[in-house]
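Labels for the chains are A, B and C, by order of writing; each one numbers its residues from 1.
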Amino acid sequence: MLELRLVQGSLLKKVMEAIKDLVNDANFDCSATGFSLQAMDSSHVALVALLLRSEGFEHYRCDRNISMGMNLNNMSKMLKCAGNDDIITLKADDGSDTVTFMFESPTQDKISDFEMKLMDIDSEHLGIPEAEYHAIVRMPSAEFARICKDLSSIGDTVVISVTKEGVKFSTRGDIGTANIVCRQNTTVDKPEEATIIEMNEPVSLTFALRYMNSFTKATPLSSMVTISLSSELPVVVEYKIAEMGYIRFYLAPKIEEDEDETKP
Amino acid sequence: MLELRLVQGSLLKKVMEAIKDLVNDANFDCSATGFSLQAMDSSHVALVALLLRSEGFEHYRCDRNISMGMNLNNMSKMLKCAGNDDIITLKADDGSDTVTFMFESPTQDKISDFEMKLMDIDSEHLGIPEAEYHAIVRMPSAEFARICKDLSSIGDTVVISVTKEGVKFSTRGDIGTANIVCRQNTTVDKPEEATIIEMNEPVSLTFALRYMNSFTKATPLSSMVTISLSSELPVVVEYKIAEMGYIRFYLAPKIEEDEDETKP
Amino acid sequence: MLELRLVQGSLLKKVMEAIKDLVNDANFDCSATGFSLQAMDSSHVALVALLLRSEGFEHYRCDRNISMGMNLNNMSKMLKCAGNDDIITLKADDGSDTVTFMFESPTQDKISDFEMKLMDIDSEHLGIPEAEYHAIVRMPSAEFARICKDLSSIGDTVVISVTKEGVKFSTRGDIGTANIVCRQNTTVDKPEEATIIEMNEPVSLTFALRYMNSFTKATPLSSMVTISLSSELPVVVEYKIAEMGYIRFYLAPKIEEDEDETKP
C-alpha cells in the first residue's frame, strides 16, 4: 500500500505545471527513499528528473517499490482542482490499477478525492553519473526565465558563454542580434537575488530556446536556478524544491556547423 | 411613462453578465411592484427568473404595467459602457419602441445616454408554485462556482447528494472519477463563509454541468448561493441581489439510465 | 556618431507601443535639437508626429543630422526586452547600416545590447503649420480612451461636438445610439482629473473610431490628452511626454453625406 501525505500540496501542483508540456506519459517511481520520475520529452531530446524525498512528506508509507504510469495531462487536470493551500494525499492499493488524489482544505470543510486510471508505460531508467562541470551558474530563476523569453523574440537558439566576470546569453535572428550579460554579483540584499559563478574553465555552448523556455515553467518552484555547463555533457537546469528535492532538466548542446556565425 | 433610477448601477451590469450567455432575447416586465424577467434559455432546458423590487430603486415610476422585449447581448453591450460606480436610470416613454439607459458618473461630470430599439418577443409567463424541497443547501457562491468548474474538467454531469453531514458533488469521465464533499459548517468567522444544510430527506440528483457553470456567472451578485433540491422538481439555484431581489435558475434533473454507474 | 542615453527608458517602450500598430516602417530623424519621427499610417489616413527633445536625454550626442529607417514591429520586439526601470541607450556609428539598443538594469548587473538592421525608406516630411483651432479640449487620457472604446461597441464613427458647457461624443449603430457628455470641470483635487474647454466657436466633427482607438494606445504616456478641433483642419490628438516632447496624431474629419442622421 502507498500513502503519501504532502502538507504543502501546491508543490505537487507546480511540479505538474513544470513538466506536463514537456512529457505526455511517465512512470512515477515510489520507494522508501522518495517519490521520483525520470522521463524523456516527447521528441526524445530533453530529459526530466524529479525527486521528492520521503522526509519532505508529513506521512510517507510505501510498503514496496512501485512504478505508476500516469498521463501527466490528466494528472494535471486533477491537481488543478486542489486549492493552493490544500493538503494533498496520494494513495494506491497494492495491485490496483488506479491512484487516488485526496485534497483537504485547510479548514477540513472540503474533502475531495479524484481517482485516475494508471497506464502501462515502457521506460528504461537512465543512470545519470555525477559529473564535473566546467562552469556552474546560480542565478535568480525569474531572471533566467525572462532572458529565455526575451531572446525567443529574436532567435531560435541561445549561446550561453561563461567567463569569470559573468554569463552571456546571445542569439541571432532575421531582425538582428542580441547579447545579454549578467554579472557575477554576491553583494545583494537577499540571497535569492545573487548571481554566482563557479568556473573551472570558460565554456560557450548553444541550445534550442524552445526547450529552455519549456524548462522555465518550473520557475514558480524556486527563486533560484542552477545551470551546470560542460562542453562534453548535456546542460543541467536545476530547480530545488523546498528542502525536499529537485527537478532537473538535461539538454544536449547543439553542434552548429555555422557556430562561429552564431557567436556574436 | 417609465423611469427607474438605480444608485448601485453595477448590480444591473452584473445581472446582465449573469444571464446574457444563457438567454438571447427576453421580455422585461415592469409593474408597480418591481422590474422582473422570466425566460427560458435558448435550448429550452433551463429557466431564469429575475426580480428587482421597486423599493430597491432610488426612484421608481411605472405608470402602467409594461413588457419590454430586449436583446440581452445588445443590452449588455450598452451596460458595459456604464462605470462601476455610475448611477443607472432606465427610461421609456409610453408607446415608444425604444428604451434609454442613462449613466451618471459619481461626480456628475460625465452623463451618457444609450438608446436601444425594443423587440416584440412572444413569451408565456410560467407560474412557478412555491414548493417544499427535500434539501436546501446554502453555501459560499465562489465555492460552488469553483466546484462546478473543477468537475467540468473531469466529466459532463454532476451528481449532487445531500445528507445531514454535508453535500457531495460527484462526476465521472474518461480520465477518472471525482467526489467533492462540503461539510455542514456554521461556526465560521463571517456568516457568508458558512455551509448550511436543511434536510427533510436525503436526495441525490444528476445535472448537466454545462448549465450549472452557466448559472455560476451570477456569482459576483452575491457571496452566498442557495441550492434547493427535490427529486420531483427542478433544482433552484438562487443568488440574492442586495436587499432588493434575486436571480433564480431552474434546471430539471437528468434521468440517467446508467445512474448507478454514475454514482461513485 | 550617435549616442542617446535615456534614463527613463520606459518612455521609449511606451512610444513604440503607441505607434507600432499604426505605422509599419518609419524614418527616425536625429538632429541637435532632438529625436523625432513623422509618418503616415499604413492606409495613408492618419499622421503621427513624435518629438523627444535633446534636453530630455541624460546624454545626447548627434554629430550630424541622420535619418534612420526602422521597422517598428522589430524595434518594438527589441524594446520589449528592456526592463521597465532600465536605462536605454541608442547608438549608431557614422555610415553604419545598423542601430544598437543598449539596456542597463538599475543595479548595472544586467547589460543587454540588441542590434537591428536599418532600412531605406522613402518619405517626405510634411510641414505642419501652426494653426488656430475652433476648440481645444483637455481631458483625462484614460477617460478619452474609455469613451472611444465604449462607443466602438455601438458604432463605427464618433461625432465630437464642443460647446462652452462640455464636449459630447456621439455614435449610432445597428443596435441603437449613444451620447456621452463630459462637462467642463476645473475644480478637481488633482489637475490631471480636470476637463478644460477652450472654445472660440462651437464645432461638430465626425471621425472614424478605428483611428481614435488606435491613438489611445498612447494613453500610458500621459494622464492628459489634448484634442484640438477645427472644421477645416484635421483633428490633433496630443499626448505630452514627460517634460521632453510629445506624440501627436492627426486625422481628417469624415464628410458624411448623411451627417444629419448621425447627429443624435
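The rule is short, and it goes like this: a residue touches a chain if its C-beta (ideal position, glycine included) is under 8 Å from a C-beta of that chain, and two chains touch if they have at least 3 such contacts.
It should be emphasised that the depicted structure is a prediction, and the values quoted were computed from it without experimental measurement.
Peer 1: With over half of the numbers shared counting as same, classify the chain B/chain C interface as same or different.
Peer 2: different
Peer 1: I need the rotation angle between the copies chain A and chain B from a CA superposition, between 0 and 180°, in steps of 5.
Peer 2: To bring chain A onto chain B, one rotates by 120 degrees.
Peer 1: Starting from the mean Cα coordinates of chain B and chain C, work out the distance between those two points in Å.
Peer 2: 44
Peer 1: Quick check on chain C: which residues sit in contact with 2+ other chains?
Peer 2: None at all.
Peer 1: So in the complex, the part of chain C that touches chain B is made up of which residues?
Peer 2: Checking each residue of chain C against chain B gives 143, 150-151, 153-154, 175-183, 185, 195.
Peer 1: Which of the residues in chain A end up touching chain B in this complex?
Peer 2: Per the stated touch rule, the residues are 71, 74, 77-78, 80-81, 98, 107-117.
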